[in-house]
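Heads up: the structure comes next, in structure tokens.
Chain IDs A, B, C, D, E and F follow the sequence of writing; residue 1 opens each chain.
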Amino acid sequence: MKIKVIVPILASDAGLKSLAETYRKLVRPGTKVEVIGLEKGPETIEYYYDAEFAKIPLLEEVQKAEKEGFDAVLISCTSDPGLYACREIVDIPVVGLGQAELFVCTMLGSHICTITPGNPAMTKDLVKSYGLEHFIVSIRSVPLSVSELEDKEKAKKAALELARRSIEEDGADVIMLDCGGFRGLMHDLQKELGVPVVGPEVGILVAEALVLGGLSQSKVAFPQPVQKRRIK
Amino acid sequence: MKIKVIVPILASDAGLKSLAETYRKLVRPGTKVEVIGLEKGPETIEYYYDAEFAKIPLLEEVQKAEKEGFDAVLISCTSDPGLYACREIVDIPVVGLGQAELFVCTMLGSHICTITPGNPAMTKDLVKSYGLEHFIVSIRSVPLSVSELEDKEKAKKAALELARRSIEEDGADVIMLDCGGFRGLMHDLQKELGVPVVGPEVGILVAEALVLGGLSQSKVAFPQPVQKRRIK
Amino acid sequence: MKIKVIVPILASDAGLKSLAETYRKLVRPGTKVEVIGLEKGPETIEYYYDAEFAKIPLLEEVQKAEKEGFDAVLISCTSDPGLYACREIVDIPVVGLGQAELFVCTMLGSHICTITPGNPAMTKDLVKSYGLEHFIVSIRSVPLSVSELEDKEKAKKAALELARRSIEEDGADVIMLDCGGFRGLMHDLQKELGVPVVGPEVGILVAEALVLGGLSQSKVAFPQPVQKRRIK
Amino acid sequence: MKIKVIVPILASDAGLKSLAETYRKLVRPGTKVEVIGLEKGPETIEYYYDAEFAKIPLLEEVQKAEKEGFDAVLISCTSDPGLYACREIVDIPVVGLGQAELFVCTMLGSHICTITPGNPAMTKDLVKSYGLEHFIVSIRSVPLSVSELEDKEKAKKAALELARRSIEEDGADVIMLDCGGFRGLMHDLQKELGVPVVGPEVGILVAEALVLGGLSQSKVAFPQPVQKRRIK
Amino acid sequence: MKIKVIVPILASDAGLKSLAETYRKLVRPGTKVEVIGLEKGPETIEYYYDAEFAKIPLLEEVQKAEKEGFDAVLISCTSDPGLYACREIVDIPVVGLGQAELFVCTMLGSHICTITPGNPAMTKDLVKSYGLEHFIVSIRSVPLSVSELEDKEKAKKAALELARRSIEEDGADVIMLDCGGFRGLMHDLQKELGVPVVGPEVGILVAEALVLGGLSQSKVAFPQPVQKRRIK
Amino acid sequence: MKIKVIVPILASDAGLKSLAETYRKLVRPGTKVEVIGLEKGPETIEYYYDAEFAKIPLLEEVQKAEKEGFDAVLISCTSDPGLYACREIVDIPVVGLGQAELFVCTMLGSHICTITPGNPAMTKDLVKSYGLEHFIVSIRSVPLSVSELEDKEKAKKAALELARRSIEEDGADVIMLDCGGFRGLMHDLQKELGVPVVGPEVGILVAEALVLGGLSQSKVAFPQPVQKRRIK
């Protein structure tokens, strides 16, 4: 099995490499994971505006991935940019990190706190679009930009503090790390907090599980756009 | 007051002209309405995929409109492509036709039927993202493409039939014409059906009303993206 | 176009005059706005009990307005007393200030705080009856009676303080002034708060927009009561 | 214990007498049930408009009932006219027949069909205002006016047919008789249908149970209106 | 009428006797109330795990109750263990204390605070399974075990403090005592708090009312299990 | 990794063997899957009543599985009997087949039809308890008992017919096979229907993914019952 992970930003080589390592540790022996960034696109996605610049390059990469014989695509960004459009144009499953994390959270508890470096209204909109708002007890903003999350100690410390406050003040029983930049932290945080912490790692697991199950998005829900359409 | 209407597709000159006439008839004497299409973008928006190709040119036009001194922008497409991103980058109000029509419908009745030439799942997602799914009794697909709606007789006949069936079978009490291509039909349909029919016309009225009220989107909900962000 | 505004209480002449000025500034040149209070009815509406005394005189005024050739009626009270009954008996659109303000708020942000001099449970019930409770982050009681709102400095100061606390504590991104008595304050408050503030002013704009759009309430949702009905 | 039942219309003596008998059969030996109609008010309540004419006379009767030493009031009409206002002005519990029936239904099954001689949109609004719309599988209109329900054979036959269709077509598992005029039919219908049928009879049982439990509406939710308020 | 109350734990004789007295005071003269505990089962129900051990003995007692000619069964535990299974196997109404209390609360106000000695997540799940989560403003944990509630002074004091905080901080307008162990406290608490307090007492009243109304659970919703089924 | 699959009924050896084969084909090379039935319990689970008899033996097996060093437990029955109690008593993740299938469905489309041999009201309750009712367009009863599903041709034919009708009549875009007895059919059905079909196979994939992710249920949501508790 081959899964293509697309980080829908101008990711650094170091970041991509570290993400690839994180994901490869989790998958089964035969599963190949290729992680790429975009060559054109936004530096990070912290606003809706940023996300718009990721979408066309992302669509191209998704289409390419299918042609190259990949079995699934993971869009490795919790704001799920362009997810539904990507699902329309290919038959292989396209997994959005945001949706994957959210759904895993709902299987572990019922009071989710999300921790995000972006605009919390974006998280709220996403959660609403998936019909899961009643699972969320709080959306907490980490006072770090997406790029600052690369300083793993800083990211961990900040997430830890917000998670603790949410457990204490909001009754959170599951923590969702709401940014791909939080990779590599879930197990440490989990140990310190005593509640499940769901990070980007689950994205690759969901993608792999769908392929193993022979499942993909419904083409009734996401029909193939008519081919002859001219896009200038 | 000056309102810029952006049809986020490669619209024909005839279509734009006819839309401009439709809108100009409705606004107050002093209000100037300028209607443009995109120079680059999709032919029509019937899939999520199409919509992605509208967004960057649309963002540019929205930003340009603000610089040119327009008081509001209306995105004249009921799928509201890029609406939230557009709201982030300008201070003037940006109105989405889909949201405007939906909200007007909810003030007139409580059993809305939407009639769409696109993918009904897109309408469902939109309605859900605005938290209004409990107002919708049916989403009915008109067996015409967006461009076929330009044949007004055909469009009217098809909408009439679906609306009648929805009133009869689903108990619909308000009809929403869920495509900008339905312009110019609402009053005729209304007369024949005996229930309110909400068409794209209301978009310009909502935009004008927001300007008159001195209102615009919340910059807390739609914060300005950090300027220095580099987008390749 | 002629719009009748009915303030469903025993309003003072000064109050009516000031309201008429507020509304007239907003409408288009050709639009005539007539503002009346009730000759019989409650002094203010702060309880359900009060509202009941407004309804029959209000129904009479609404019917009279249609006979006099008005094109729309605005019930200028955010508790929307008798709104559905009024909609049944006339063909011209009847707008409730509460519904109009709420819907405008939902187009500007997604975390609404309402500020009310009345019983907050009434606001909650109203919001629920419109199916919009998921947009409300808080309902805050201003420690002033409806009549004390006539002291505009006092009203402004009190609203400002509550709005600030709601932005800070509840994450509010839009403020709704939940009483007709808050007229004339929205722009000042907006400037100081930096988020949209929706006041009674939007009621007249919604009413005017409906008339321009040739729209009115659905007679399927609000059917004409059988004429022969005897009411002693 | 003394319970005052108020039928908020110009009820006939025969109707009141028959209702009193129906209710008296159900209550405990010591419970006195007094059933009255209004001296001024609507003939029946089939529209919002009708309901408005019941409210002030109803408020007076409720207040009078408390002064006369009644322990509870039942408003014997499933549209619950003026319920919240009545709850504000007295300390004794005020039960609305619509709310009582609805809540009993939800304890017996989860797919309720309501059968109503009135405007089905009114039932929908009521159900929504109580937050119970997800329990309702259909609202079916009986082709009889409220007064025609006095012909018990006709009423029974019509209800039976609608209920059967709802069980068959909508999967209804509980039937709610959504009008006080359906008194006396629930047991017969239940026997024929094989599913629970909830009629106006449950109103008196809920009222009695609240008195026995020493319970009444919350004065935080329904605060006493300020006494000095002048109502012309 | 005879009602069997089953306390689905290894209840003490003193506890059962005191509960029987509490319930008998409320019912009508002719109503016989028999209160039993389980001979096998959990000491208390504070976890899902505990509840599982109550279910089979409870099912047996419910079946026995029907055979003995009881007219209704009340499961006197607010976590409603085995409620739906019990409803399947008998024709007489089976009332769950949790559901009964919740529904009574919703008729008295709209901001319910529940006070529980158990796991608050269990209350949340229960409320969700009945579709009533929008009525709950807080679920507060009393720092006492179920058995410690037998010290009535301690229980009262603890409930009082939590209720006061909920009224103050959460805007609660009704208090639900979310454990059968809170019997006998509702009226005292109500007097001190000034808002309705709903305790286990309402369970017997709901059961009695259903019998008086000739109502029982829908056999469409809760069909009789096929008899021949072998359970080893 | 070792996963224990517990079929919470008196399963036949042939059924268990065939299920084990189905599951083993899906997991990664190193993953051991052990499938057991109960030695005491119900023959099948088609009613709530049946389910109660599975719970205590199931709890014992779950506890035993943890002691034996299994890394996860899958309860292989879509009614998720005793799921929350099981989650309380162990630290290893406990997956319910019903929840796992439902959540996978929601990632593939938005109009789910479930096909069940049991009581459809049980499916409705389950879906509601997970807060996912808005994803379900229909719950269709297959006219076969759980044991008849072992005739795979019959099961396939029946499921196919219902699924086709749901796609046609309800607009279903994903089919959920709502019984463990449907194992082995999802891929065939999917091929014939052209929409995703989610069967019991996904249960093992979700369980494996949670172990790989180092995740388990929240002990805040599902706290360990106090050990000293005596259960007779």
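Just a few scattered comments:
Throughout what follows, a contact is a pair of C-beta atoms (placed from the backbone, for glycine too) under 8 Å apart; a residue touches a chain by one contact, two chains touch by 3 or more.
Quick caveat, the model's predicted, so the values are computed rather than measured.
Between the contact lists of chain A and chain F, the overlap consists of B, E.
Remark: among chain pairs A-B and A-E, A-B carries the greater number of C-beta contacts. Rotation relating chain B to chain E, from a C-alpha superposition: 180°, rounded in steps of 5. Ranked by how far their CA centres sit from the centre of chain F, the chains are topped by C. Rounded to whole angstrom units, the spacing between the C-alpha centres of chain B and chain D is 43. Centroids of chain B and chain C (each the mean of its C-alpha atoms) stand 26 Å apart. A straight line joining the Cα centres of chain A and chain D is 52 Å long.
Touching of two or more other chains is recorded for residues 110-111, 121, 125, 131, 134, 173, 220-222 of chain F. Pairwise, the chains that make contact are A-B, A-C, A-E, A-F, B-C, B-D, B-F, C-D, C-E, D-E, D-F, E-F. In the complex of the two chains, the chain C residues touching chain B come out as 26-30, 95, 99-100, 103-104, 106-111, 130-132, 134-135, 167, 172-174, 186-187, 190, 194-196, 198, 201-202, 205-206, 208-210, 212-222.
Partner chain A is touched in their complex by these residues of chain E: 120-121, 124-125, 128, 133.
Chain B contributes residues 10, 39-44, 46-53, 55-56, 59, 82, 84-85, 87-89, 119, 121, 125, 128-129, 131, 220-223, 225-226, 229-232 to its touches with chain A in the complex.
In the complex of the two chains, the chain F residues touching chain B come out as 110-111, 134, 171, 173.
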